[in-house]
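Multiple structures are listed underneath, in structure tokens.
Here chain A shows up in two complexes: once beside chain B, once beside chain C.
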Partner chain A sequence: MSLLRQREIPIGITLIAGFLMLIDYYFRAEIPQVAGISTTVQRWAVIIAAFALLIGLINITRIHLNHLMKRTRGQWIFSVWCLFIMYLMIVVGLFGTVRHPIYQWLYTNIFLPIDAAMYSILALFISSAAYRAFRARNFEAFLMLASGIITMMMNAPIGEIIWKGFPVVGDWIMMVPNVAAQRAFLICAVVGAVSLGIRTLLGMERGYLGREE
Partner chain B sequence: MMKSLSGFITLLILCGSVLYMIYRARKGVKPEIRRVPGFDVIDEAIGRATEMGRPVHFTKGLASLYSSEAPQTIAGLSILSYVARKCAQNGIPLITTIYVAETIPLVIQMYREAAAVAGVPEWVNEYNIRYMSSHRFTYATGVQGVLQRERPAASFLMGYFMAEALIFAESGFLAGAMQVAGTASTSQTPFFVAVCDYTLLGDELFAAGAYLSGEPVQVASIAGQDVGKYWANILLMVGLILSAVGSNWLINLLKL
Partner chain C sequence: MERKGFWDRLQSIDHRILYAAVIVVIIIPLLRPLGLPITVTDATLKAYKAVDEYAKPGSVVVIAFEFIAGNWPEMGPIAVAMTQHVFNKPDVRIIILAMGRDEGPILAERTLRYVDKKGKEYGRDYVNLGFFAGGEAAMAAFARDIPGLVKKDYYGTPIEGLPVMSGLKSLSDIDLFICLWSGTPGWVEYLRQWQTPYGIACVGGTLGIVGPGAQPYVAAGQLKGLVVGLRGGGEYEKLINKPGEATAGLDAISTTHILIFVCVILGNIGYFAARGARRREG
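Let's look at the complex of A and B:
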């Protein structure tokens, strides 16, 4: 294994960068010099991530060219379209800027409607997920079903007409049990994230670098 | 004046408890932690895919490696490395769909190491590592397409998700995949709980990498984080009592 592929180097970089950010956050006033270094390191991260988009472009091109060359059934025609539209956007964006009329037309008339369509699919998926989830198979499921119905009626204009108590009970469910559960969830998640951070800084969490054993 | 002295003290308590548990584990005291069904079911889902001869799908959500949600991506990558090794051992394809481009090299390396550990270098197929887009709904469309066309027998959704979470989970359900999800996103957890077979809730996602590693020292760090929860409980109780008597002392102390 070459020197550059050894784990000690990425773990060392993680350790230095992690402690730098911690010192910057807690001791910025006491050690002002660290602020400049921290900002520079964060800029490096953003620049490296921007370069990584090029890797993404190569990845997409390779995968879809492979489909195209193999004439993958039910896929290759979409691969042709994907590559065509992707490179068209890149060329027009690079040579004519993103304010170019062709780029604007492609964005407004192709990208945005598809994007909105994908978002709207969520309404159907929420309905089908709710249909399966909201079945009173046990007491906990019944509580979820009852809470769901009450909060739905609280938000629907007809709810208050049917029973004036829906907004009151619905508001209580949202502000008391819901907020309490969300805060408990959040506290546990933060404690878990800190623990993961400690393991990562100490070089014990190595899963993100692959498993060596 | 140091920024957030209370936050720093809390961090030191957490670090101290995790390090103490690690020290105990190194001394030979085996830590005891509760079983999490979501961890155990990962092997079951991969086994199902092996029996059915269908691929496994993995996606790790939206968070980049330098955002505030990065721990979720780190945790997702740790689980991915375990899943990759198991898939390589069983000889089944693993399709990883990616939103964050800078993780592509990490995922490629993971595939190679998993194949090397399993002794099957030919298992690596870089066409199964698929960058979709860095735009949310384009990524969602791509993942939905993979789930519908390739019909994986198991789908893992581990990391930070937003509105696309339900699109993935429902598409996986329609494709007949056994789904294991994990996120610390409070807004998306209910969708995963409603649709997926198993869900890792909040801190379980962060603990997964250590738990799956099977190393007593790493498992000990999970036991250490429980001390952090006790500390949070103590603060909650004290805050509750002080608020009841009309004191804002603790609230002011804990303000950032």
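Let's look at the complex of A and C:
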């Protein structure tokens, strides 16, 4: 196996970089010498991350060219449009900068409204989902229904016109039961992240290296 | 096929009818505003007061635009109102950047179009540094060594030529950080790399759907205040006395919420009535 394909090399780089960042974050005052190296490595990370954009570009091009070549039913026409608009924006952005009127026009008049429309469709789905899901079938469902209605009415100015208690009770729901539950989720997630970090540093977690051959 | 009874039909109104009703109750108040009064919530007021407290003459404020174009209808009014509040402050240097969303600088430019600059000049009083790839690594690098990471602004001007950047070495030179975010990367990454190690004062603005998840950081004091959703944007517009898109949209929020409230109540009446009828039938 060639040296470049050996998994020990990326695992070793991960180990060194990971420990360097940990030492810098937690023992900056005790070991100031590590700060300079850590700053340099962080700058490298910014530069390397910029290359990820290029990999994304290559990947999207490859996937959509594949659809185009195969004339995938119901897809290829969208692939043509995707590639056309992507490369149009790249060319205009590269040669005219992102302040170029054409780039600005494409962004403001095509991308922004389409993206906002996609997001706004959520309002319809949420309305329908709330109507169908909020049934007081049992006590737990009733609690969810009641807290959902109260926080919803808290967020609408008309809520406090209907009942002055909506903002008060809604704020209590948001700051007491919600914060307690969110903290529990956060602590669980962080414990999971720490264990994943330790496994990655020790080379036990290898998902980021891709599929084993 | 068995015909559905009235109570069953009340539980299963066609989603197309619901969608049409939602669209109608959004459009009507936009065309004919109801002008419902807006009261300011505690979290928004805290954010406003934090900006007042930390954006003093001689201070430096960083505003991060970490949301995407699709979030503009909800995040745009918050961004405009909070940015306007900072621009209202005399002798404050404003640094705009993005480290999580590459669209951030474009949306920052769009925001600035709606902001009254109050005599502030680009390069001297405020700057758009653009997007830095790398997410958390970029945040950590910026916090440690600003001149080491930032060489040019969004328009390609070297930062040596921008008086607004003079004397800024690290995050310790920043007095207030305003994070406008809609997801990941966003506030949590800044919390890890900026707020916790440097103890910088932070306020935030985010989507209504993200707000509940961010409340623990408000309760812990890591966020001095949080402006949530279109409602928060409307409240902030009221505080700075500059009604805008959020104020206009709040009536639509009220009508849609009332519609959903009524539909949920009708659905539950149908559910209990149908269940009672089935029990009576044995």
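The definition used in the following text is that the second predicted complex is superposed on the first by the 200 of 213 C-alpha atoms of A that agree within 3 Å, B and C clash if a C-alpha of one lies under 4 Å from a C-alpha of the other, contacts with A are read in each partner's own complex, and residues count from 1 in each chain.
By definition in this document, contacts are C-beta pairs under 8 Å (C-beta built on N, C-alpha and C of every residue); 3 or more make two chains touch, one makes a residue touch a chain.
Remember, predicted model here, so these are calculated numbers, not experimental data.
Asker: By the touch definition at the top of the document, which applies to A:209: first (chain B), second (chain C), both, or neither?
Answerer: It touches chain B, and chain C stays clear.
Asker: Using the touch definition from the top, say if A:194 reaches chain B (first), chain C (second), both or neither.
Answerer: Once the two structures are laid over each other on A, A:194 reaches chain B alone.
Asker: So, A:63: does it touch chain B (first), chain C (second), both, or neither?
Answerer: Touch status of A:63: first partner only.
Asker: Going by the contact rule set out at the top, does A:132 touch chain B (first), chain C (second), both, or neither?
Answerer: The answer is both, since A:132 touches chain B and chain C.
Asker: Looking at A:81, would you say it contacts chain B, chain C, both, or neither? Reply first, second, both or neither.
Answerer: Neither partner.
Asker: Between chain B (first) and chain C (second), which, if any, makes contact with A:99: first, second, both or neither?
Answerer: In the superposition, A:99 touches chain C alone.
Asker: Go through the superposed model and pick first if A:157 touches only chain B, second if only chain C, both, or neither.
Answerer: A:157: touches chain C, not chain B.
Asker: In the superposed arrangement, which partner chain does A:52 touch: chain B (first), chain C (second), both, or neither?
Answerer: Both: A:52 reaches chain B and chain C.
Asker: Tell me the contact category for A:25 with respect to chain B and chain C: first, second, both or neither.
Answerer: The answer is both, since A:25 touches chain B and chain C.
Asker: Following superposition on chain A, which residues of chain A contact chain B and also contact chain C?
Answerer: In the superposed arrangement, which is not itself an observed complex, chain A uses residues 25, 42, 45-46, 48-49, 52-53, 115, 118-119, 128, 130, 132, 182, 186 for both chain B and chain C.
Asker: Would you tell me which residues of chain A are touching chain B in their complex?
Answerer: Those in contact with chain B are residues 25-30, 42, 45-46, 48-49, 52-53, 55-56, 59-60, 62-63, 66, 74-75, 114-115, 118-119, 121-122, 125-126, 128-130, 132-133, 182, 185-189, 191-200, 204-205, 207-213.
Asker: Quick check: in the complex, which residue numbers of chain B touch chain A?
Answerer: For chain B paired with chain A, touching residues are 1-4, 7-8, 11, 14-15, 18-19, 22, 64-66, 71-72, 74-75, 77-79, 81-82, 84-85, 98, 100-102, 104-106, 109-110, 112-114, 117, 126-127, 129-131, 134-135, 137-138, 140-141, 149, 163, 166-167, 169-170, 184, 186, 189, 191, 193-195, 201-207, 209-210, 212-213, 217-218, 221-222, 224-225, 228-229, 232.
Asker: Going by the contact rule set out above, which residues of chain A touch chain C in the complex?
Answerer: That would be residues 25, 35, 38-39, 42-43, 45-46, 48-50, 52-53, 97-99, 107-108, 111-112, 115-116, 118-120, 123-124, 127-128, 130-132, 134-137, 145, 149, 152-153, 155-161, 167, 171, 174-175, 178-179, 182-183, 186 of chain A.
Asker: Which residues of chain C touch chain A in their complex?
Answerer: It is residues 11-13, 15, 18-19, 22-23, 26, 36-39, 41-42, 68-73, 102, 105-106, 110, 132-135, 137-138, 140-141, 144-145, 148-149, 155-156, 197, 208, 212-213, 215-216, 219, 229, 231, 234, 250-251, 253-261, 263-264, 267-268, 271-272 of chain C that touch chain A.
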